[in-house]
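The first chain written gets the first letter, and so on, giving A, B, C and D; residue counts start at 1 in each chain.
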């Protein structure tokens, strides 16, 4: 029998939703010599009642979270170190009796997770910046926004399709409405559809998710009526193919080579299908404008499309295209957030490099 | 026996049909494409029905019962009535099919978009902004000035790259002068990133092709031992 | 009414979902799980709309004898085939040996694997066409791709075997991946996160509302 | 003859040829082809020579189109599968870190393996899964399998079957339910991980075959992540390694190693540097390196030759493209 664990402490697991108790202990004296393979935890509702096994931990471990407690009930804990030879065999009751008891402890739920206070402060600062600049813009303050090449080209791309008398394709990604990139993608669709309606060019939107089908249809319809051509809108402009990533890619590839659209937009969340779509579009000589927040797919769009909105630019696109002051204000607020991050990085690097203060822990997100 | 041969031939026929697209669009590809669209749409249709509507909703609200040792029939789990909210949202969505009250589906959509916005706002802020900033801030020369030249140069590159890369994304300031120069350096870093990711991906994509060709040459034709 | 109520729902739900991150107490600790459950149910309901749309478009193609209408028949037939089999098989439709599994293994899998693998050809043609030393930026892209591609296969190491260990192509590729690549990824990731925060906030505040359509 | 008829003839000929080979395979008189090293060298030289011809043509101003590139890619992948040449595989630090992390575990530890991919990504990830299982068995680890992708657990079963074909591992006599278990698939993406943080059983009431969680000895004491010693994630996208890091590592502090498709891997490097991930196997190369470290060379190693060839072809065409670009006076935007 390995020597018993010298000290155990128990506490209600802090910052949680209840139902859990944290048990901490010091490793058994036999740990170093390799005489311990696992620690087995026992629990009881009375100090000298029947102790039941609630879980085990590997050697070297010094904490265990028992996530099966009932809030408000008092518990006592024991911990028994086991050598390798005892694994899989019943633990002798004497070993359990010999172990120290810790407790009582009861679990409870908390109303605020204090470990996340830094996230709260950060989010609040950023949101305050954004809201402040939105209000500034609303009040009529002029805001400068730099040129974004990919978005400057939208007009030209739609215009070219008109000249050539060919279609425009708009691909809003392959993810569903529970992805902000898709939401950004369909928002941009609204602006593009308005342009297409003005230019009287046929815009086709094949989608791969039913919720996107519903949303995109509403958006395109609204855009057509905003452009003053509600009669030109056809329901089947927006149509569903399949939820399947590659089935969708196969379908669009076929449509692209057969109908040869003059312009293709890719805006939203993409996975591996990005290059399949963009290369096929490229092979028929379409103007292609892409935008995604998928870091792993950006290189392919950069290689195969004429213009690519990189990451954050995708989320700025709807504001940029709409030129609505309120939306542009939010971009300015975002930039202030960025400026603050840059300052934090410089200050932090200086403080840490010269060993003055561990600045980065301010940004630590709880384990 | 027949089905085994038939199966591998079907698979090979479809594989070659898709590859024929590389030559040009053709009836064989069109056939495979149509089968693919139909089969995959049906696959997800069936899967979502059994996994989500049946497996998640129905079983969740009406847990199956089983007979225990005492001969009593007991539920395997507590019914979760919260799932009914999901069913209501789903039914609102289906109202699309009724033109007059189709607009009610917007409530359901509004719920999804709101939840997504809230969830992503906080999740991306904590895991991308906080975490990445935390990782960027570090002692450049190692804690205790003991890092090797390799690591020091690397650390400086990461710091400069992250910094200038972020400058590139500034929208409300013209990229001119020193600021413009930093943004330019930022683009250089983005380009290296794209090149490197692309190069890395080549490997992944080639592996997929190796897998397919291995299927054709060994599973189908048995040319490779 | 048609616009206001959805806007209020979006705003309220959005705020609740931000707040839940900080509150471990019930019911906030259940929010994420609920949403994922609810969303999956909505998704499964909504796919009926998509499927009906696919069938409708295909049927129209057949009815109007549009070009290639024969393939629309194939789409409908294969959709119905797998759907009917899937429903007949019941909840254990995915078990080994069912007809559904047969279709999955010998029709669906080869098609999707092949479509995925067609990328191998496209990465090659895209690199052939796009990786040209047009200007300094394009040259950086080209060089990074070149070194990483060489460094990820043993042959790259063999070519630089004369260099001391730690200075070979593999090491260069690793260095590029670990440092400059990480820096670029990080800038992109932080930027995306800020963009998402701003977009989400605009949605919650109701400034960005085009996804809800018109009146 | 019109092009159309020619094309149909070619397709028909190819199919007939394949049918003959297939009949040969089934009836047993066709035993497969292997190139001896000498033949392999000749093939390589011919390939290189034809590329040189293309280079000369390009310098003369005659550009090859994308179909030529396609043909070369196909050849570069297919031919090496017939060759019997071995190549030296160096070990990268991220694979070594992963291996070291595993070595640090005690014999008999409990590992959770999440299969988050489907058949299209199997070429890259299946070799990893197989060699990981082999390693686990060598060390007598208890293996708990799950999947966040519907087809993941099936891939796990296939890998297990494959490993158990080897008499060495069959002799280990791994018992289902005691030494390994497949908990199956659960919908819900990262929320599954989150709920597992408090209670595994709430997500996996039964295992893959329908047995109740409580009846499985291997998971008797497994309530949440504190009861597993190591988590290994094989991922081809979303949900995958990023979600495991964000939830399981960040919230519950698990030890996480990952096997990624090569395309996923770069996204995970930041996590590697920050210590949230203990090692990555990236793509086929990672699989081959892990096979080498664990001393059991299998498919990953075999496929690496094709991998090397295909990279060389892509690089050759990048060079040809650039030659064309510079010869064309740098101005002409050559579309191919």
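Throughout what follows, contacts are C-beta pairs under 8 Å (C-beta built on N, C-alpha and C of every residue); 3 or more make two chains touch, one makes a residue touch a chain.
Here the structure is a predicted model, which is why all the values come from computation and not from measurement.
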item	value
Third chains touching both chain B and chain A	C, D
Chain occupying the middle, per Cα centroid	B
Greatest separation from chain C - chain, by CA centre	D
By count of C-beta pairs in contact, the leading pair of chains	B-C
Chain A-chain D separation of Cα centroids, rounded to whole Å	25
Chain B and chain C, separation of their C-alpha mean positions in angstrom	4
Where chain C and chain D are represented by their mean Cα positions, the distance between them in whole Å	19
Separation of chain B from chain D, taking each centre as the mean of its C-alpha atoms, in whole Å	18
For chain A, residues contacting two or more additional chains	116, 119, 123, 126, 178, 180, 183, 211, 214-215, 218, 241-244, 246-247, 250, 258, 272, 295-296, 298, 300, 302-303, 310-313, 316, 331, 334, 338, 341, 365
Residues of chain D touching at least two other chains	66, 70, 73-74, 77, 120-122, 150, 187, 250, 262-264, 266-267, 270, 273, 283, 285, 307, 310-311, 314, 335
Where chain C touches two or more other chains at once, by residue number	18, 21, 32, 37, 39-40, 42-43, 46-51, 54, 68, 94, 109, 111-113, 115-125, 127, 129, 131, 141-142, 145-146, 149, 152-153, 177-178, 181-182, 185-186, 188-192, 194, 196-197, 199-201, 203, 211-213
Contact set on chain C toward chain A in their complex	18, 21-26, 29, 39, 42-43, 46-51, 53-54, 57, 60, 68, 111-112, 115-116, 118-119, 122-123, 125-127, 129-131, 141, 185, 188-192, 194-203, 205, 207-208, 210-214
Chain A-touching residues of chain B, taken from the complex the two chains share	18, 21, 24-25, 29-30, 32-33, 36-37, 39-41, 43-45, 48, 93, 96, 105-106, 109, 112-113, 115-117, 120-122, 124-127, 129-131, 133-141, 143-144, 159, 162-163, 166-167, 169-175, 190, 193-195, 197-198, 201
In the complex, chain D residues that touch chain A	66, 106, 108-109, 120, 198-199, 221-224, 226-227, 229, 237-238, 249-253, 263-264, 266-267, 335
Footprint of chain B on chain C - complex, ascending	2, 5-7, 9-18, 20-21, 30, 32, 34-35, 37-52, 54, 68, 71-72, 74-83, 86-87, 91, 93-94, 100, 102-124, 127, 131, 136-138, 140-149, 152-153, 173, 175-194, 196-197, 199-201, 203-204, 211-213
Chain B to chain C touching residues, read off their complex	7-8, 10-12, 14-15, 18-19, 21-22, 30-57, 60, 82-83, 85-87, 89-91, 93-94, 96-97, 103, 106-129, 132-133, 135-136, 150, 153-155, 157-162, 164-166, 168-169, 186-203, 205-206, 208-209, 211-212, 215
